[in-house]
Amino acid sequence: MTEFEAVIGLEIHVQLATQTKMFCGCKPVFGEDPNTRTCPTCLGLPGALPVINEAAVDFGMRLGLALGCSLAERSIFHRKNYFYADSPKGYQISQYDEPLCSEGELAGVRINRVHLEDDAAKLVHTSETGRIHGAESSVVDFNRAGTPLAEIVTEPDLRSAAQAREWLQLLRTTVKALNISDVNMEEGSLRCDANISVRPVGQKELATKTELKNMNSFRFVEKGIEAEIERQRILLESGGTVVQETLHFDPRTGSLTALRSKEEAHDYRYFPDPDLLPVSVDSEMVERARAALPELPAARAVRYAETYGFEQELSERLGFEADLGDLFEAVLEIRGKASDPRLAATWVSGEVFSRVEQDAGSAIEASTLAELLELLEGERITTAAARQVLDRVLAEGGSPADIVASEGLEKVGGGDALAAAVEIAIAAHPEAAAKVTAGEHKALGSRRWWRGAQRNPCSPWRRVGFITWLNNPQRQRFHSQRRWSLC
Amino acid sequence: MIDRSEVLHIARLARLSLEETEIEAITAELSSILDHVDQISSLDLEGVEPTAHSVAQSGALRPDVPVESLGKDAVLSQAPATDGSGFEVPSPGGGS
Amino acid sequence: MSSDLTTLSASAASAKVKSGEVDAHELFEQWRERSRLDDLNALSWSADSVPAEIHTGGPLGGVPLGVKDLFCTEGVPSQSGSKILEGYLPPYSATVVDALAAAGAPLLAKTHQDEFAMGSSNENCAFGAVINPWDRGRVPGGSSGGSAAAVAAGLVPWALGTDTGGSIRQPAALCGVVGLKPTYGSVSRYGMIAFASSLDQAGPITNSVADAALLYSQMTGRDVHDSTSVDHPDPVSEVPAADLTGVRIGVPTELSGEGIESGVLDAFNASLELAKSLGATVEPCHLPHAPHALSAYYLIAPAECSSNLARFDGVRYGLRVDPGEGLDAMYGATRSQGFGPEVRRRIMLGTYALSSGYYDAYYGRAQRVRTLISQDFDTAFESFDVIATPTSPCVAFELGSKTDDPLSMYLSDFCTVPMSLAGIPAISIPNGLSEGLPVGLQLVGPAFSENRILGIAASLEAAIGFDGSAARL
């Protein structure tokens, strides 16, 4: 049987977080009362004219640079003519054959172009408003109309749904690092359409593609593309042909439905918007955009892997989440070269992140975390105690050293004394020690026993078990299952 | 020059409903105008750049500074149909 | 009872207000009374009271203004001559209207026009044709026919028009008044209901070159709301009549022979002789691509208008006709019933010119022809200071005589369209009468040469000595 491969290209719309809309001075704020953020220009009133927002051009250039695109010295806005209730002017102003940025690449996927355009209004169908109307009608809210969008178009370089999803996540991370958009799929500030075709492996030319519209989460992007690839594959295997059409993926049912088949072919009658002159980008503007670029996530991850020898997952966690990376570097900076980078990295990406997923990087001061890691690395507290301290710091603030002191969390005995005690205990009870070392902590008794052991570590038997346990690497697994310090 | 089906297609793109009785006349008018303007097809335009604007060649950009929006009342005051918060339109899907 | 202030020219009235001799409120009130004499259907609206505040300290000294219907004026009907905008009250005013009010030209009246500025006779107005005050059986020209007729008839002291392919100059010629189409971009288009964005330009329609210079001097400047607007590198202030000695006048053979009525041609040649007698040199010149200008224009302007007029969809303002069959049916019914036949025709033409498969052959080619036309002018201005042509190939024609033949109507713009495509300034001044009807003389200069052409126009105006009083109501 013929083997097939999928060929996927993405078209991504990113709402730019500028202070004003693409072509007028209205603030693009969301969740406001309908039609309170509009003016003659974004409402398409007679006589109103568009004027290009320089920040949108700047954001577009940053995006282009981040994606390795070349920037056009001169780019042109066209009118894309179509009638719909969400289109205040009867046309969208969008870049067409001379976009701001072209020919870039991100993680092996070629970028065809990045261009700027204005967003449409929001059409609310009356069934959604819950109000009762005699006739079927919809209500238009023009607050969103004119919000700046950057459209990123990739070449068809993706080969699977999972790869598309992963790549889209990297793109989102990259855009987020640029600080030019909220890039939130659920809220619509990041939108993704996919062009999908399937061809026999080895075939060079592209097969007929379909367009999959508006999948509003990363999961749906993957599921939707997967479903469409499967549909096309089955169709081709059964001797059918793929028809070029636009499809909508319903995440609830997993079904694909063709959007209303157009009685007319699209004829957008693109022509240069005569209300606007070409945008000239000079070297000063390019330099300004370049200077505003942060270290990009992919580059940062590579740097962590190369500098500290971190594995891919850890490097990417820190590299792709800028605030985690920042926290990690700040902690290292405070603790100096002698400290263990991996300890700082795992604490930032693991302990801190697992506790505060939202804005983890700003949940704790770098100096506080550095202080805590100092205590841990100096073996003055156990990992268990350190976690306890972290919980306290995140909840109430305060200094780790103070908390350790006031709560009496300092390690029993401490370094050398403890080690000596353990060796004696192991020598005295080889059987139990072997079981503990093998990780069979249950051999050591019930949880009640452990509580007793903690309270009274003086009996030799209890003492060896407890101390051995404390120093056994397996304790971590046990710990993560049951918060020892809390039981 | 232009035939009936093209006229209907163009009218559809432009959202102009034509009466059956006017289609013929419009087809004839457009044809005669197109015949006239078609004289530019005789010009040799090889290597001639198009001009979109004759005077200024590139436009100044607008600083990203918010200005006051119109009030909702002003926005809705000229609307043929509103529900008090937005503009009512017939459903895109079809009639009632 | 004070004297009749409406017989003063706008410049003279302005000077008298500024010197304290005349009260601006009294001046406005007298003009308000005058405007009520309108029986030409020239005005679409006039002020029902004197504004509380008139900026008499401004350069225009409080002389009230007539404004073409298509300029948005806050709270005042702005309909662009169309049923689709009947009674439309904009929430904002055009930049140039605000600027002129601030400079001391308060809004007195709005004037009728061809619908969306498409027409050369003012018969394409949803609110009735405007009548030429020189002959009530004839058209005033268009599309700024209401402004030209109102100024000629003395219903307003001066007025704003707009010119896309001749819409200021041609009606000025047919009504015996002065009309200036400025350099594209020198006046903001913000708030002007668009016809063809790359061509539309506002300008003054007045009784004299001095009035035109005065009004224009307060219209120019870059507007943050119009990115195609620019600062005038040589702003107009007072324009003294130029000494014509040594001024080189070029007469394009393509625009001054075939297709021009003999009476118009006679008046034109007589004025050229006058110019020579004042020391100018007059020689033929060539604009080889000018004969193609009309074709390029009738592709570019409709293409732009087909898109500009898409916003009239019955959703946010204006007419809505809803047959109850969904959104598209509402669009179709609203637009078919809201737009008149000429507007529909041009929307169709423009949609066709932009549609898939035809763009390169029509719109694309027309934009290239535009380049050649601009180059023709550049070449001509290497040898000449100014170019002169008749403004209109004919005098005012009879109402209804061309309405059935769009193409013959389009030919009215034969002499004015090339300058529009090139974006360069051109002025029409009264050039005597032919069979009792006014004839216009057009003077054209390079971009931003308004000072120069206004100066030359002032000299010729004085030499011609046109008397337009017969048109006064």
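Things worth noting here:
When the chains are written out, they are named A, B and C in that same order, and each has its own residue count from 1.
Methods note: a contact is a pair of C-beta atoms (placed from the backbone, for glycine too) under 8 Å apart; a residue touches a chain by one contact, two chains touch by 3 or more.
Computed from a predicted structure; not experimentally measured.
Legend note: the chain whose CA centroid lies nearest the centroid of all displayed protein CA atoms is B. Highest inter-chain contact count (C-beta pairs) belongs to B-C. Look at where the CA atoms of chain A average out and do the same for chain C: the two points lie 57 Å apart. If each chain is reduced to the centroid of its CA atoms, chain A and chain B end up 41 Å from each other. In this assembly, the C-alpha centroid of chain B lies 23 Å from the C-alpha centroid of chain C.
Touching of two or more other chains is recorded for residues 9, 13, 15, 52-53, 56, 59, 61-62, 70, 75, 81, 87, 89-96 of chain B. Counting only residues that touch two or more partner chains, chain A has 40, 43, 51-52, 81, 83-85, 135, 140, 267, 269, 274, 276-277. Counting partner chains per residue, chain C has residues 88, 91-92, 198, 224, 227-228, 306, 310, 313, 315-317, 324, 327-328, 331, 351, 355 touching two or more of them.
Those residues of chain A that touch chain C in the complex are listed here as 40-41, 43-52, 79, 81, 83-85, 88-91, 135, 140, 265, 267, 269-271, 273-277. For chain C in complex with chain B, the residues that touch the partner chain are 88-89, 91-92, 183-185, 198, 222, 224, 227-228, 230, 289, 292, 294-296, 298-299, 306, 310, 313-320, 322-333, 335-336, 339, 344-345, 347-349, 351-352, 355, 361-362, 364-372, 374, 406-407, 410, 421-424, 447. Residues 70-72, 78, 80, 85, 88, 90-92, 94, 189-194, 196-198, 224-228, 303-304, 306-307, 309-313, 315-317, 324, 327-328, 331, 351, 354-356, 359, 363 of chain C are the ones touching chain A in the complex.
Those residues of chain A whose C-beta lies close enough to touch chain B in the complex are 18-20, 24-27, 33-40, 43, 51-57, 74, 81, 83-85, 123-126, 129, 131, 134-142, 264, 267, 269, 272, 274, 276-280. Residue ranges of chain B in contact with chain A, taken from their complex: 9, 12-13, 15, 52-53, 56-59, 61-67, 69-72, 75-76, 81, 83, 85-96.
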